[in-house]
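There are two complexes below, and they share subunit A, which is joined by subunit B in the first and by subunit C in the second.
Moving on to the complex of A and B:
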């Protein structure tokens, strides 16, 4: 009789699942304002997914910047109506865990194929997606910092236009040749490393090259006042104040690409997410290179992960995991990377014909990928917003000259320690 | 010429310079926005007199998001809120100013208490209410928390209190009912206050951002401010010309209204004593 009851059970289950299947609607919070080309891409993906998976509806909700999306998602969560799936900053992982808002992927990944899928991403991206032995985020739109240089400016300064500065000393030497002065005015700077918005991220491009990490994996400790960190900041400050190859004070993140296009700076550091923008708007031939090395090489990763919110029914979470898997297949990752400039998140995406062709036509696209083996996690701790603010304030104080690098980093560390005390 | 006259002349000159200086500072961002909006983006930081003029920035900004729809949403939102506020606040203020009822003082204190609380603190609670009512992602949901405005009630109550009670009594002797007295006597006398309050309310809700962002999910309900977000994503860098064009475009109705009704606005503000 046992087979009979299990058969009945299966029939009921099948019936129930078909009945339920018609109803599954996933709300998907995505950090972009309505209207841009990215909205159309996401809408297209959602429509394709619905076609291939009848019974699941994706309700994409575009919520503006990452910050706005986080606020919106957490408000909705606290009001008892959380989103089901959301793309949020990978660095907000600890914040989301502390709010008890998201669930780990692991319990949903039982089959071997599922487990293999969770391992198919670049390890550098998973650093910001796992903690305490669990996977909380799946990489989707991820980036790193790269260096863009103006080949015309290099030629004009008597430098080899096809070779970017490869280490800190070269960056200074090239910068001095590239900086054009007439009297006290500078018409072209050697380099711009932006320092507004999220200066800590660009700073990690320097600290990583100096062989030091800013926090531990558990997100409970920071190392802002280590000698090597202070040294990295000293180098950054010196670019402006001692070598005079970078504008003094803070440099606006949003307008750095424009400075580059207008030849106000010959070299800029910015996200790979800007690649498509630079390709479309730079009026001169440009090159893309890894960040220069010092005691090592490296860049932080950045960008957004998929998160699953709590309070989902079993049907919904099954549909959600299906959706996340569908969005991160090698083909989709390749397509997404080509359309946006983000780094395709898994190695096998780079073997797809589409991406191979793209890289062949535009080799700069592969620089970010090649740099990934040196990449480290973006600064992320518990109470992330406040800890990064402590560091940002310190960095800007040093760049503006109101504090010495040493003092600035000691103060930032003290503040971070105070904030993190309750999480140990 | 005596010394007294001279000092007053000096102080008048000082005042005039000060006013010009303030006006200049005030108009500077606006002038820059205009400059950036009507020139190609290459000229957004180069001030050359013979820079080519263009309207392309406006076209681009307009096409970047469904702005026609956003304009309509904002218009409906602002009209709805203002109408509801005027009706509710008038009635409540009238009751607080001219009727004696049990618990009036306590009720008024409760209304005043609302003035002390920042609306942002209540976002989660408001969201929960809207969820329970099933109206998340609708235009009424954006407006609902603001309709019973404590500020409006307070302002109108104070104004109604200054109306001499002799007038009220005279009207009643003539046989006017309470509602008639309100409409024929109090409301006309408080006209400058209504205009001033209306302006404050319209500009506040025209510019409100956080709550509309959180409570709306779709194009059909989002107001302009949320739509403007598209230019704020600084991942790709900022194009000042586009931002300037979009900003001018979205604030144009308010600016034109202000220029058209300037005199009334200034007068009613002076009479209402609010900034």
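Moving on to the complex of A and C:
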């Protein structure tokens, strides 16, 4: 019977040790479909983190698109089992605050080193991460809009293939040379600025260049009907209807890169997140440039932040902050940027040998970083999705010619004011 | 005799009792053991309910309870953060009546239903008759017609997204042969909804064809031979014999088509997201937007009640009025 008692003893010991090892488990919601290279990268990070930090387990939950992940995280929160850490859109900050679902990082950052860490990110990325004097999100996978151009098409049109249009007038002038017509048909357009899904984001590439912001920092006011905003929309509409260098109607976001590869458009505006895709699929030499300037230069930022959910124990939140810090070290930010095409979120990441080498081989990767000093926050307000929908509907109506730009923006502003009245 | 009826019609776990099928045996057996039968009947009831229990639990949990909860939820405000839901009476319904996007979504949905349903049914019937004839390559045709049904709607929508691409998409390439200029099909407020209707018809027609095909194969060849002897034309035969015999299938298909036209919105999520400017927002898509993008769950519940009432009214109408005019064999 001696063997039996020793077996029981071993079992108790084993149970006790696993209980000790698994004392903190963090659930981590991440917006990607299961499978594919990004999942592998995240799994690799989680495994490395667990190795370096025994006693903390990361349970990564791959939840689909940003929208799906937000739905799942908030539903889980409402049913009493919120995620601990999640990567969600930076623009969902007000939504998450209004739902009382997330907690600010500030109380967890007491030491000077911690406070310095919170300041180590590009200020443009922090604009969508802070409100009311508190930090609610930490930048992780962030992007901006850039302009891609087809160098072969430029050459064929008699333009310098190494120089992108640098301002609004040049964009029109180049576009007219690049648009190829035969009869009533157009075989190649000058430019495409997509306008489905989230037209407001691309529109911000125009309004920022026109020196105007669409909302205040508190997310309680919008300025859709300002003259400079209407002017920016007029320019966008004119590209199609007056200058005829862009297709009329709305332009599908998802098929714009394909239009570019098929030489249907010589210039396209899209996210830096498409860089790896374009590099792999464009059958011609291409260039990447900052968005053209007008009364200024600029692009909105985009992409996802780390959020900490409420209802965590002190032990868990300590582990969570450790994890977020670990995921955003300069080396990891550089590695993540190279693997995905997102902009590395802190300046010192760009000084790492890995990223320096990458930029030396592929200079286009640095365009988004250089544009950051002109970048502004992506449109984000309280009741964010409703307000952006009001603007999106107005933009699409103007691009379709059912409303004048002035009427469309006045209607959008009126609707936004109505939605935001209870947050004043 | 009542006992006999019980023995015949109620299923029972006790196999032996069902064996004496003739009335005399049954009555004799019953009178000998009437008290046993009483308790057996009770056992039968319990047995029946236990058999029903799993599906009843599923139905109540996932269909009836949510429907009732939605109805109740439509009279309360949306809980937000620290603010709990409070009773607001008909406020949500008032807001719905004042919401122009709701009316547009409803209007879009009616156009969508009124166009997809007849088109799908006529096309399904036409295809079924075509592949029911003795043709060379019939199996291949059947397979070809059925393929769209096998594909998931998300995949179909992604394929069609590229078909509709201005310029190089399939649709424009075909039209360019006839000299029609390229058109931004999904990006134009006037054509976007029609494009989605085409996708829905293409997707569903093959599915309904299978039901029609099965029904056509059930029709006795004697009828067509008799009609041929009488000198009836093929169209006359189809109109007066085949089509009436297919009516039960048509009812089934009609109900499914109506439900689909309010239920299937996957292609909208992929292809237009309700745009441009809400011209392709169907009711269910708008409910999704309000519920899971705006997080206004109370308002979404209100819209859902309207959708439920609409669907229930249509289903009832069909069963009550159409059913009477249908000839079942």
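One rule holds in what follows: the second predicted complex is superposed on the first by the 402 of 424 C-alpha atoms of A that agree within 3 Å, B and C clash if a C-alpha of one lies under 4 Å from a C-alpha of the other, contacts with A are read in each partner's own complex, and residues count from 1 in each chain.
The rule is simple: a contact is a pair of C-beta atoms (placed from the backbone, for glycine too) under 8 Å apart; a residue touches a chain by one contact, two chains touch by 3 or more.
This is a predicted model, so every value here is computed, not measured.
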Specify the outcome, clash or fit, for subunit B and subunit C once both structures are aligned onto subunit A.
-> clash
In the superposed arrangement, which partner chain does A:107 touch: subunit B (first), subunit C (second), both, or neither?
-> neither
What is the contact status of A:257 with respect to subunit B (first) and subunit C (second): first, second, both, or neither?
-> first
Is A:71 touching the first partner subunit B, the second partner subunit C, both, or neither of them?
-> both
For A:80, is the partner it touches subunit B (first), subunit C (second), both, or none of the two (neither)?
-> first
Which holds for A:274: it touches subunit B only (first), subunit C only (second), both, or neither?
-> first
Touching A:353, do we find subunit B (first), subunit C (second), both, or neither?
-> neither
Between subunit B (first) and subunit C (second), which, if any, makes contact with A:247: first, second, both or neither?
-> second
Would you sort A:402 into first (subunit B), second (subunit C), both or neither based on which partner it touches?
-> second
Check the residue A:99 against both partner chains and state whether it touches subunit B (first), subunit C (second), both, or neither.
-> second
Set of subunit A residues, in rising order, touched by both subunit B and subunit C = 71, 197, 252, 254-255, 258, 262
Mind pulling up the subunit B residues that touch subunit A in the complex?
-> 41-42, 64-66, 123-124, 127-128, 131, 136, 210, 213-214, 217-219, 222, 226-227, 229-240
Along subunit A, where are the residues that touch subunit C in the complex?
-> 67, 71, 74, 95, 98-101, 183-187, 195-197, 247-252, 254-255, 258-259, 262, 264, 383, 385-386, 389, 392-393, 396-397, 399-400, 402
Can you list the subunit C residues touching subunit A in their complex?
-> 80-82, 161-162, 165-168, 176, 181-182, 184, 186-189, 272-273, 275-278, 289, 292-296
So in the complex, which bits of subunit A are touching subunit B?
-> 32-36, 59, 61, 63-65, 68, 71-72, 75-76, 78-81, 197, 252-258, 262, 270-271, 273-274, 277
